[in-house]
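Structures are listed in the sections that come next.
Here come two complexes built around subunit A, the first alongside subunit B, the second alongside subunit C.
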Partner chain A sequence: MNLSVENISFTYPGGAEALRGVTLDIASGEAVAIVGENGAGKTTLVKHLNGLLKPTRGRVIVGEWDTREHTVAKMAARVGFVFQNPDDQIIERTVGDEVAFGPRQLGQSAPDALANATAALEMVELAAESGTHPYDLTAPQRKLMTLASVLAMRTPVVIFDEPTMGQDARGVALIGNIIETLKSEDRTVIIITHDIDFCADHFERVVAMADGRVLADGPAADVLAQADLLATTNVEPPQLIRLAQALGLPGAPLSTDGFIASLRRRDGTR
Partner chain B sequence: MSGTYGLYVVRQTGIHRLHPLTKLVYVLVCLLIGWLIPGVWSPYIVLLIGVVPVALIARVLPEVIKNTIKTAIPFAISLIIVQGLFWTGGTIVRQLGPFSLKAEGLLFAIRGTGRIILAVSGFLLLNYTTRSDELMLALSQKGLPNSISYVVLSTLQVIPRFQRKANTILDAQRSRGLETEGSYLIRMRALMPLVVPLLLGSIVDIEERAIALEVRAFSREGAKTSLLVLHDTRFQRAIRWLLMLGAMAVIGWRFYLWLAPRLA
Partner chain C sequence: MIRLDRVSYSYPRATSPALNDLSVDIPAGQFCAVIGANGAGKSTLCSALAGFVPHFYRGRLTGTVEVAGIDIAASSLAELAGTVGLVFSNPFNQITGARFSVRDEVAFGLENMGVPRAEMETRIDYILQFAGLAGLAERPPFALSGGQQQRLAIASVLVMRPRVLVLDEPTSQLDPVGSREVFTVLRDLAATDEATVVLAEQKLEWVAAFADRVLVLHEGRLVADGLPGDILASPDLQRYGLEPTRYTRAARAAQAAGLRPEGDTLPVTLEQAAEFFA
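This part shows the complex of A and B:
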């Protein structure tokens, strides 16, 4: 499902102009990371993709649908949105029911919703907790449950707002695996993150934002290698790229293998 | 900012810099005069000369007007319906099917609405221009117990917090496919998934606040040192006394008006 953001601006009722002319096209199956400092407008932008916010100017098209013409609940069948704080949505008494809430709202039959919920809980490694009360989970587990509750809706597009925040290394790796699975299923993945190494590990395309505008948009290696541009967004290039640049290596390696390859290239070995 | 200081609207004006008690006394005296002076239009007159100019100087007039209307309209409508149509006896102004609109009832409703508008706009004016923590500090310096200040202060702060929280919950549930727009039935069905997280969230919130208060020695006896320093001036103290004297005079006069016919 193609997403098309056409020169949108958005001003909050309070007066803050959070987006100033953003254009972005995301093709079906792409994995895009949005980076930028706090207040850059990242959350405001992604809230436009499922219609939570409607642009003050310009328009947003989600697979032929103009977001202004559909309710958020309708858009939810196309675009899943994982929120930052799980406690803002928990209403069921068991983890399993909670994760099945979304699919039920989308009109799935009880057995289908249950099957999707179970599969989603397996992805976040919480299948064993399906009978537990959500409030008896730890905070990082609750966040994974929230993630599962969106995965269970099986939307073609999935948006994560800072999913790795508050997770330990294992949780981060788990979320990385989930993103790889979604990519292998050809679903569109959009993430907001401050974790640049995570971004380099899993995303082919990076959008850097500052002050309500898109500063850079392109292949991860290109965008993440521009130290001066990232500095204006208060984001540091990934460790590997910084190391490669310090060593004067050619290219901008995003993986250890890429790093070794460019090291060899410089030294003229195989 | 508004979350921290109740309804406070940040502006750099002389009104904002006044001592909290000066504004509190001023607003209370305005209410008293508007409520006590006889006449259907007296609340409106006090509103026009007492509240509106001050709100204008403090640059919060649009906010005051907007939120006063939001709060007062339901009251005004119900007052007009109940008092205007169901007033017993009185002069009929207009016949509406089986109901008759009475002049006396209408005047009563107009005065009642005026009183509500005056009270709401005065309350908003005070809270838009005064940080709630400074108001509470001023009151506890005059001997108000800390626990009462806390209840008042947290109630003021809870309103904007509650609104923000409710919006986040609404967003999260709509994003999971919960339909909240449309017929009455649809909106009724959406109520539970919105209210449950709001209530559970508030309980967690209250617990966290209680712990935060305890570790800051809230229940400790005796005087506390405040980091806030309030600026008072002799002029403002004089004004406050004058206002209170004026209020006393109005009360006395009103009492005399009430008493006189009974003595005659």
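This part shows the complex of A and C:
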């Protein structure tokens, strides 16, 4: 499902202008990471993709639908959204019901909703907690649960706001695997993250935002290598690119293998 | 400054202890990082240093937790508040909800401490400037973005100038430059003996670059204690559910590929890695 953000601006009621002319086209099956300083407008932008916010100027098209003409409930069938703070979206009294809530709202039959919920809980390794009250989970587990509740809706577009926040190495790896699975199913994945190394691991395209505008948009290796540009929005390149640049190595390695290849190239020419 | 002697603790109704026979001494002015997988006991340790364990959470605490000469179990949260500052990982749990502006939120702790008004104003102005919140001073705290709320939570604690600062993943919502600024301030506070700092953190790159000492918790036990360079480059790290920094991983890969000799000390920071690969 294609997403098209057409020169949108947005001003919060009585507040500042949070978006100032953002244009972005995201094709079906793309994996896009949005980075940028606190207050750059990242969350405001993605809230436009599922219609939670409607642009003050410009328009957002989600697979032919103009978000201004459709309710959030209807948009939910197309765009799943995992909030930054899991406690902003918990409704039910058990983990199993919570994860089945979304699919049921979309009109899935009870058995289908249950099957999708069970599969999603298995993906986040919480199947054993199905009968637990959401607030008896630890905060990182609650975050994984809200991720499952969006996965269970099987939407063509999935948006994660800071998915790795508070996760340990195992949780980060788990979320990385989920993103790779979604990509392999040709679903569109969009994340907001300050975790630049995570971004380098899983996202082919990076959008850097500052002050309500798009600062840079392109392949991860191009955008994440521009240290000076990223610094203007309080972002630093990933560890391996910083190291490669400190060493004057060719290229912008995103992975250990890429770094080793750069190293061989330099050492080979010595 | 901080002394734990055979400390064990179980939350009410828990079947296994969250802290299991922990003994450690942290001298004044040290910047000490606590790392471990989720559930290892990091947050519980932070809560114990601030007295929330056992005074708020109840449960069963054995052994001794002593902070700045105060026995935690024998003292009250009110007595501890002037000595120990705790920054929670989720700012939502920290912000009082009783104040209508960022400025008043920061004033809350100082008012409770009875700081004179003129001094209070100076300290608040300084800390709001430092936290990048000066322009947002009149906003309602919950109207701030996640990252701004986190900076407010840190500012509200720093403004009280506690001798012991305990922070539980304080920069999880901050952008990288904002995180670096916070860690720099923490290091400077420790280096100038203004505060003793205990930091629970998942991002090992920051731990490597800023901490004086690293404690590793695993299933409630202290399983390693040493210098960041030794602990973070140790082959044991992954056994405790932790991933080494990309610098260490790249160095190991280079050794495995025969590009660098085995046995060289592995880097854990950018500077060390630049030297390793030079």
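To be clear about the criterion, the second predicted complex is superposed on the first by the 268 of 270 C-alpha atoms of A that agree within 3 Å, B and C clash if a C-alpha of one lies under 4 Å from a C-alpha of the other, contacts with A are read in each partner's own complex, and residues count from 1 in each chain.
Here, contacts are C-beta pairs under 8 Å (C-beta built on N, C-alpha and C of every residue); 3 or more make two chains touch, one makes a residue touch a chain.
Everything numeric in this text was worked out from a predicted model, so none of it was measured.
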What is the contact status of A:Pro156 with respect to subunit B (first) and subunit C (second): first, second, both, or neither? neither
For A:Pro55 in the superposed arrangement: first (subunit B), second (subunit C), both or neither? neither
For A:Gly212, decide between first (touching subunit B), second (touching subunit C), both and neither. neither
Could you tell me if A:Asp197 is touching subunit B, subunit C, both of them or neither one (first, second, both, neither)? second
Touching A:Asn85 in the superposition: subunit B (first), subunit C (second), both, neither? both
Check the residue A:Gly96 against both partner chains and state whether it touches subunit B (first), subunit C (second), both, or neither. neither
In the three-chain superposition, say which chain, subunit B or subunit C, touches more residues of subunit A. C
In the overlay, answer first, second, both or neither for which of subunit B and subunit C A:Ala73 touches. first
Subunit A positions within both the subunit B interface and the subunit C interface are 85, 87
For a test of understanding, state which residues of subunit A touch subunit B in their complex under the given definition. 47, 50, 52, 71-73, 76-77, 80-81, 83, 85, 87-91, 101-102, 105-106, 135, 149-150, 153
Under the definition above, what is the set of subunit C residues touching subunit A in their complex? 36-39, 89-90, 92, 145-148, 151, 169, 172-180, 202, 205, 241-243, 245-247, 249-250, 253-254, 257, 259, 270, 273-274, 277-278
Parts of subunit A lying in touch with subunit C, wherever the complex brings them together: 36-39, 43, 84-85, 87, 138-140, 162, 165-172, 194, 196-197, 231, 233-236, 238-240, 242-243, 246-247, 256-257, 259-260, 263-264, 267
Quick check on the complex: what are the subunit B residues that touch subunit A? 165, 168-169, 171-182, 192-193, 196-197, 200-201, 204
